[in-house]
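Scrolling down, you'll hit the structures one after another.
Shared between the two complexes below is chain A, which has chain B as its partner in the first and chain C in the second.
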Partner chain A sequence: MDENKVIICRCEDVTLKEIRDAIREGFTTVEEIKRVTRSGMGPCQGKTCGLLIAKEISQMTGKPMEEIELQSIRPPYGGITFEEVTKGTVMENDK
Partner chain B sequence: MKNKANVVIIGGGVVGCSIAYNLAKKGVKDVVLLEKSYLSSGATGRCGAGVRQQWGTKQNCLLASESMHIFEHFEDILQIKRDIELKQKGYLLLAYSDKELEQFKKNIVVQHSLNIPSILLTPKEAKEIVSDLNIEKLVGAAYCAKDGHANPFQVTLGYAEAAQRLGVEINKFTEVKDIITKNNTALGVQTNKGFIECKKVVVAAGGWTQNIVKMAGLDLPIYSERHEILVTESVKNVLDPMLMSFSYNIYCQQEPNGSFIMGYGPENEPPSYNMESSWEFLETMSKKATWLLPPLKNIRVIRQWAGLYNISPDRQPIVSQINQLEGLYVACGFSGHGFMLAPAVGILMADIVTGDQLTYNVILDLERFNRGEIIEEPSVV
Partner chain C sequence: MSKIQNLELLVVGGGPAGLSAALAAANYGIKVSLSEEREFLGGQLIKQTHRFFGSEKEYAGTRGIDILKKLIDEVNKNNNIEVLLSSRVLGIYEDNIVTILNDHKMKKYYPQSIIFATGASEKFLAFENNDLPGIFGAGAVQTLMNVYGVLPATNVLMIGSGNIGLIVSYQLLQAGVKVAAIVEAAPKIGGYSVHASKLRRLGVPILTSHTIKKAIGKEKVEGAVICELDSNWNEVKGTEQLIKCDAICLSVGLTPLVDLLKQRKVKTTYVSELGGYVPLRDENMETSIKNLFVAGDVSGIEEATAAMIEGQIAGLSVAKRIGKNSKDEIEERIEEAKNELELLRSGPVGKKIRKGLSKLGLNHGKNYNEKFSEEALDISHLMKTGVPSEENLKNKLPSEEKVFDKGPIAISECFQRFPCDPCVKSCLFNAISENANINNIPYVDFEKCTGCGICVSKCPGLAMFVIHKNFSETTSVVIMPYEFLPRPHKGEIVKVFDREGKYLCDGKVIRILDGKFQDKTAAVSIEIPKEYYLQARNFKVEEGNHG
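Presenting the complex of A and B:
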């Protein structure tokens, strides 16, 4: 497996190599890795990469998965346009 | 963790890390920095990432332009490899009344005395810089092409890395529990990982500074207040400068990665440590943003969060020793401008701690409030 070709964060195009480099540099929490690599800052807010990063941290540091905190979940839960906010939320199917 | 230090710095935000680096650079040995979470986890990592030099007081202009000089040469000065994503595409300050425009004119005179390249613009000229800008009700604008954006995480980590290279010990996830004093002198800091005996304690804990100083039995005239902010999905580059208005109350810029980041100063926000997001903010921000830049209506908000402004009586930083307690120093009260002033503040605090003459001719000591020397800065959000 070429860790340069494995994408962990699809929104921000962050590779497995970048995640592992960050952990080796001493960033051993999901929140820190988010800030160093931008993983989890895209539209899905880490819904995909958060767990994958936690797993990498667990494997590289030996810390059990259940002790690794995931990133903070921030509102809004899904992307919403400014227009939807100002006019009241309109569901995609209603248009 | 060391159990003895020369200087203990409490707070691993951009200000604490800048102080740590500058102390080590001056040759101070055995500097230890303590951070209760990860570096930049407080106000630094929650800020709007803007760096501006367009201020109304001479000392703010001086600190901001000296800081900008350091941002411009960050990798060379700190001797590190870290891209701080500096973007100098300007700040466009919007005036919605003649009074506001008059103030901008006065500010520009001050700025020019320090070679800050700001200019006054007509609404039409403002629209030439930002074609999507709604110029209805706009009277004029001030613009400095050298203002802009930098990445707060990378700047903080850059200072931390450079400080560590010079011998500073940085302890993340280390919480301060007490400051031990005797006969009005600081003796050391108790943490959740042990006691550190030290001669000097520098508190740069952002929104929590007053609580930390209280551990030493002292009250500071500062308080913390929630400010909210949001970021959108990343789109192609359409907005170069930071847009900012004091009267319409907004700041908004597009970051180098394509996301828009924006916020406003809350009204009637009580002092607190509340860092929850609110739907009221999302709604008001959406209205403000789409009025100012109508094409934004189709862009998606992907995340909102909040952080703490640490506010001083004149909304200016307090970078000072504390006369009542030998060996205690604070850098606080940044009132929303800590990130952009941190490079110069680190140099100043290193001067104060080592007893050297101040590198910059500014008054930021705590005693100014007793002397009645309040700094009146007209240009704050």
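Presenting the complex of A and C:
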């Protein structure tokens, strides 16, 4: 199998080779791999790659899946413009 | 200072679980706000054109899209429910403030309780060239076809034989798309056998113990290389074969969509039986955060029927806590719903779910009647191939040949234990029984059966047939369910096939029942040479015959 041709993170175009290299370098949590490869930082927020990366870590390190955490997920869930943020807030002066 | 709106109950997600949760709570006077990110309600039900399994009480035998209409109608009529469409929940914070993007504004809410019914997302698969255009998730294919009326391709290779893979394959065929094959890595078919049999009768190969190695193509998918797997899931050398196709459809499972739960730091744990990372929760669907409930696929992957019942339990639990009156009545209804769930999960197909739940410390399997958790028949051949064995068939056919002499009789070709009863409930003569448990296999009492054919249109698995062996000196008639277009004309000659999709003989259409009652599953009577009455189980209408 050509690891360079297997895409794990479709949003950020991260390949299986890049994920495996990161694990070999010692990055063995999904959160760390997200930071060094950008996987999971695209619009889908890791819904495609998160589980695949966790499985890859489990296979390469021998750690059971139950001991592997997904990456942190913070608000906002999905893209939003600054205009949308400020419009939704009723300021005291506005009244 | 920002204005924050107080809410009694916020339900996130307008699918079967969310709608049921909103209704259950609103019916006890709770003010509910239902937030749905799309511009319409329904979740996955919006594309489910097939009939549902399960108990009649939970809409079994009804098509997903029709269940949806009923639920939406009830929601719209309920004055206690405010529906927020095109409203994406963006965040939930430690103080339980929820932000929702609605009408291009980020608004803040402070709900007393929340039910997350956010559903699931599809799993993806790692193989070479898995980013080529033409590689779809099964859900996307179903949305394209059944919601937007767009054909995704002309010849599809399906990866995965769970119920979604099987159902979407069937719907592709209904839409006129060829399905090259269904590839399954496990040694047996993942979905219900009746769905698999339906596809085999239509000539679709199901390759168990096979996997996809790579997609082929320059600009887009032109084919795929698949290979066989041994009992240790390792590739068997020299078994590679090229399958030509213009799309690859991935149906390799769902995983709970726990993103919002993780924002609120709800405890989650990995349970493979439930599809991935799932929230810890109690039997009333409450998570590790007080007043924060879950329902449906986000709490573990199951069928829509289970999602609706879980929604009820969550909604009722909120009503019980907030409401001042009718606590005993609510408690009673919660118990009823829990019993219903238990029944649904008590058969062999519920085994995986039960194992997963026990890992969460729920149910411990103690309530389950183990008698129903094993298959009544040896269906290993059926689950490997989609075709029932001679032995299986012998079990469901009359023990004596002379029974066929009495006239037309219904034959049930349902061999697997799972919770389903529309055939039993549809029979006006009480001729079909599953012996007091919805998980049992139905048997026909040939003495009582009149061969009327009502059950042929009612079975969601298309596993009911009527056979009139001695229709004439030389011919028999088989009534078969038919869900394709164009419909045959009376008197038309059609090609008749067996359970493996092999051509048997030509047959003559002598009657078509295709009214409102049949609800688009026509019961078509085909006259065939007598020697084939035990084999003829499908037919195709020749293209050119219809102008």
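Keep this in mind: the second predicted complex is superposed on the first by the 88 of 95 C-alpha atoms of A that agree within 3 Å, B and C clash if a C-alpha of one lies under 4 Å from a C-alpha of the other, contacts with A are read in each partner's own complex, and residues count from 1 in each chain.
The rule we apply is simple: contacts are C-beta pairs under 8 Å (C-beta built on N, C-alpha and C of every residue); 3 or more make two chains touch, one makes a residue touch a chain.
Just so it is clear, the model here is predicted, and its values are computed rather than measured.
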Chain A as common anchor, with chain B and chain C clashing or fitting: fit
Which superposed partner A:Q45 touches (first chain B, second chain C, both, neither): both
First (chain B), second (chain C), both or neither touched by A:L16: second
Partner chain(s) touched by A:K5 [first = chain B, second = chain C, both, neither]: second
Partner contacting more residues of chain A (chain B vs chain C): C
First (chain B), second (chain C), both or neither touched by A:V85: both
Touched partner set for A:Y77, first chain B, second chain C, both or neither: second
Smallest distance from any CA atom of chain C to any CA atom of chain B, in Å, after fitting: 7
Overlapping contact positions on chain A, where the chain C interface meets the chain B interface: 45, 72, 74-76, 80, 83, 85
Of chain B, residues touching chain A in the complex: 38-41, 45, 153, 157, 231, 233-234, 257, 259, 277, 279, 282-283, 286-287, 289-290, 296-305
Partner chain C, residues of chain A touching it in the complex: 1-2, 5-8, 10, 13, 16, 45, 47-49, 51-52, 54, 65-66, 68, 70, 72-78, 80, 83-85, 87-92
Contact set on chain C toward chain A in their complex: 1-3, 88-93, 99, 101, 104-108, 121, 123-124, 126-131, 213-214, 255, 257-260, 262-263, 268-270, 272, 276-277
Footprint of chain B on chain A - complex, ascending: 27, 29, 31-32, 35-36, 38, 41-43, 45, 72, 74-76, 79-83, 85-86
